[in-house]
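First comes the structure, then the notes that go with it.
Chain naming follows the written order as A, B, C and D, and within any one chain the residues start at number 1.
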């Protein structure tokens, strides 16, 4: 065995938070400066470390932006636990964090070239799909029609409100928004985002769907997509589990025989169908 | 007039009863809620009780546990190996170190140094604080190695102990102890040079556990001034639990009237000769010798702390590791005598337990007499003596509080002291 | 499953316990400064740790194992203890990183090169467990990789009599070894030891220690013992294929898993003692001027497994118990390229404080299909 | 500096001593300003603070009011120890009628002004964080204070004593010594103290509140009774250190 010189994969890069954008009452986007040329595929994630408190897997919520000697990456974080709470309350512009990654496979951007695309995002699930939209915008000719279905519990919780309208000016792109509950001034759909699947405008023979959101929302989305006529192998979803290492050694992110961190987080539905409906697997 | 007690363990208030603007009597109102340990242990097996009673007091749980184990061992005719007994005594002395260290450094030092609190003292003299914490931390290590943790130790059982520490762990403690003596002597220089502002000639009887050769520690007899009694004779015949004229506080008084003192001062005054010569030499430097007054309890505590550490050092230096193959957890009970009683010198004074066992060897009756409960009468007597006839001003309260701090009542453990109901006389503010 | 004829191609040598001591001595000289790791008696309990001589090892005891029961008696049939090579290769707590408040690394955990380690007297199931851990962790987990790379020789002790909780012949992981070892030995009786070489190093040892080839009778009784051990274990469980098939068919049988895990308290003992369980939780231990990122063994049967901030992916205990079983028999093979996650050592059963028997669970799953 | 209140209800002060231990760390002293702690501070009134540590259970009306008032003055309240979380050993008095209990000890029971119940802290006010133990593990408190000062909280890991026991390389007490041990159903945090000392866990950190049902407790108790342990003793221990939870689980039996 000649692996004694294995680099410690748990070391991270020191990074500076350069800006914080308020997205929703409990959600911010952190723009983090990495002093290197850093690349990542849409749908991949980083492990973000906060001193003394722990590390959390957070997907990149934008394409990495190269600026000469450094790169800006975006992470959208919502308060759910001890570490995210600390990030929200104590990490601001000028703070340091540790970053290692990118990890995971990301969305199959190559494979889906030439296809019509339906993006279904619920709540914070928009974060890993936003780079997909940006990627398509940058490479518009490589993809077919794009339908973006995005919903949240209420309009206030929608992320990236400041740029959602810009998606509609991307050629051949349709944006459908929803709010679970009625709200003042809300002119879009009231109901679940998964209902919007009925209104997609794609060539079903050549369409794929990218889905991310809460587990229950993804389940309904898959049912509706299948009903609509999507094939098992044309639906991709991004999954979540407890995750500690990001590199397939801590074992805590197992989903059936998959490690979400290295085999996922994006899965082709046909690959995980046998586990997907088994509660608690 | 009423003011909460601070710098004592547990919850209580000073109550000053005034007549025509002058102090008539002083009470200590115990607002600490009772926990009914004497009731709780009924119907339980002795081995459970040994762990339960540790919960009476977070400061002196070893005293409780050790005492309960001893009481049951005696009445159940259980022999304890002498090495094991010595080990338990060391654990008990470690507790004396811990309790005295917490008391002197956290409660007395601010008073001695005229600081409002320990953190204020830390700002003024970080070295004092460092030394104090060194000793507290060391006592914690002692407790952990010998007993498992700082309080509610898990190592004492009827018939012995569960575990003996490895030579390595003991060696680590031994390596550290000389540094602790250094911290202690540095602190002692500050504390021993302090003279209490309250001067009071000792005139109250003093009680401690009778010791044949050693310093007062644990046993079946107590000594009140010069009279030696069995615990049974003392607690059933000599001392009476009385109700006061205008309060319902349970108080322990000799023959129903005279209050008495338990605690480090009593022990020191009686067994001074048996302290290590190093301790006496140190005390001599500052001209301290018996009798100490109750306001000089901090001197007795420093002496006992030093003495206990010296005994512990000897033990650490000669530690013979013996693997105490754990005797089955359940002891075979062959009740020889259904009354189990014993006394231990807890840090604050004589602690006495009495259990009556039923046929199935479960407890049917229990009596726990704590040091604080015994001292309450004398605390009130002394506080009243010092303040009666004075104007009931803040200073008077301060004196009454000082009496409380001097006695270091561990109110949490006041297993049965009744809350005092104050009878209002005229003009009570 | 290992077939006896396969074994018969290996040349056997015979010696005494004193020869085993000479083997150890030879290795000590051959790998100067090497640490010997294996089962050793400590406070009358076999643990996994550093061995200094044969007398440290549990050579004069036999273990009695039943569900929730372990006892040592005088004898020469030591099988297993709760500990396994995992205790060395993936320690219960290991620091993975030390960080200062400025996000600087205080020291790197990979600086020092590991010592040379000889695994001595580990069992066939243990060897298979190491192969499983290798498949998951090597080249990825820094501590495991470092420790694993330090192993320069593996000496196996084969069991010729299974404990009551053993079923390695069902999982195809014992009682004898075919590959992946340097030298293997088995104790025919109290003093007779049969040796076989599994590598050139093994051959070298045999040559250097002057071991004689086993006589016909010894060879025969060795194979008889192996066959007998396998035949005893074969009665304990159905064929592996049948177990796996039944498990696959019952993945969604919620009621069954609830019944099977009825008495499980979720304490995690089965996971911790399992030689192939590798899951860790990573925590920050904050000190005054730095924090240590520490990996701690975690267990899929405990509540933490599947818990995330704001939700739980395996809220009910039966889901986690099911994962434990499915992982061993269905998921590991997919994660490791074919290796079963269960090596048939029975530790999970012996060391379950409630005495839950894995074999019983598997039998019930199979019965459910039948 | 983070302002802190430390208060005690019905209890033994053992957990408070762990607070004192935590304050022996200079980095913690540098970040926290204790403004109320009658045991070590000559201050008798509470004032606004960010944090409050509460030891003990509620057994008087006065304590209930005190606690509610305190809660209104702090942002984050931490319940310390078995008394605050489960009621504590004193809950065993609830096995009897309160008036009878008083009578067995006090000649004048009418003066004993206490509630008939023993209330854990969370039954009266909102608890933001809990540290279990009888007493709590001082190192857990130190860890909490350090993480809180960094702006976060310890990440929750729900385990039993067995986890700590195995990680400490201690062979199972039940399996090897046939000794009773409540480890499999007791919440972790003590560092497997009793097994380290060669005795079974007696559950002083309290029953785990997750994954636990009456059936599972009974499964363990049945197993321990096989080892010739007095079931009554086991139940008394469970009540003593896990009153809130165990009495509830016991009720669900009928």
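In the analysis below, a contact is a pair of C-beta atoms (placed from the backbone, for glycine too) under 8 Å apart; a residue touches a chain by one contact, two chains touch by 3 or more.
Since this is a predicted model, take the numbers as computed values, not measurements.
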| item | value |
| --- | --- |
| Partner chains shared by chain A and chain B (touch criterion as defined above) | D |
| Label of the chain whose CA centroid is most distant from the centroid of chain B | A |
| Innermost chain by mean C-alpha position | D |
| Chain pair with the greatest number of C-beta contact pairs | B-D |
| Chain B and chain C, separation of their C-alpha mean positions in angstrom | 53 |
| Euclidean distance of C-alpha centroids - chain A vs chain D, Å | 41 |
| Where chain B and chain D are represented by their mean Cα positions, the distance between them in whole Å | 24 |
| Of all residues in chain A, the ones touching two or more other chains | 51-54, 81-83 |
| Where chain D touches two or more other chains, by residue | 146-147, 150, 155-156 |
| Touching two or more other chains - residue numbers and ranges from chain C | 281, 283-284, 286, 298, 304, 307 |
| Listing of all chain pairs that touch each other, if any do | A-C, A-D, B-D, C-D |
| Contacting residues of chain D [partner chain C, same complex] | 25-27, 143, 146-147, 150, 155-160, 162-163, 166-169, 171-172, 174-176, 181, 183-185, 208, 210-212, 215-216, 219-220, 223 |
| Chain C residues touching chain D - in the complex, by the definition given at the top | 45, 47, 68-71, 81-83, 87, 92-93, 262-269, 272-273, 281, 283-286, 288-289, 296-299, 302-304, 307, 317, 350-351, 353-355 |
| Residue ranges of chain A in contact with chain D within the complex | 50-54, 81-83, 85-86, 89-90 |
| Partner chain D, residues of chain B touching it in the complex | 3-11, 31-40, 42, 44-45, 47-48, 51-52, 55-59, 61, 102, 106-107, 110, 116-119, 122, 133, 136-137, 140, 148-152, 154-155, 157, 162-163, 243, 248, 250, 326, 329-330, 410, 412-413, 416, 418-419, 421 |
| Chain D to chain A touching residues, read off their complex | 146-147, 150-156 |
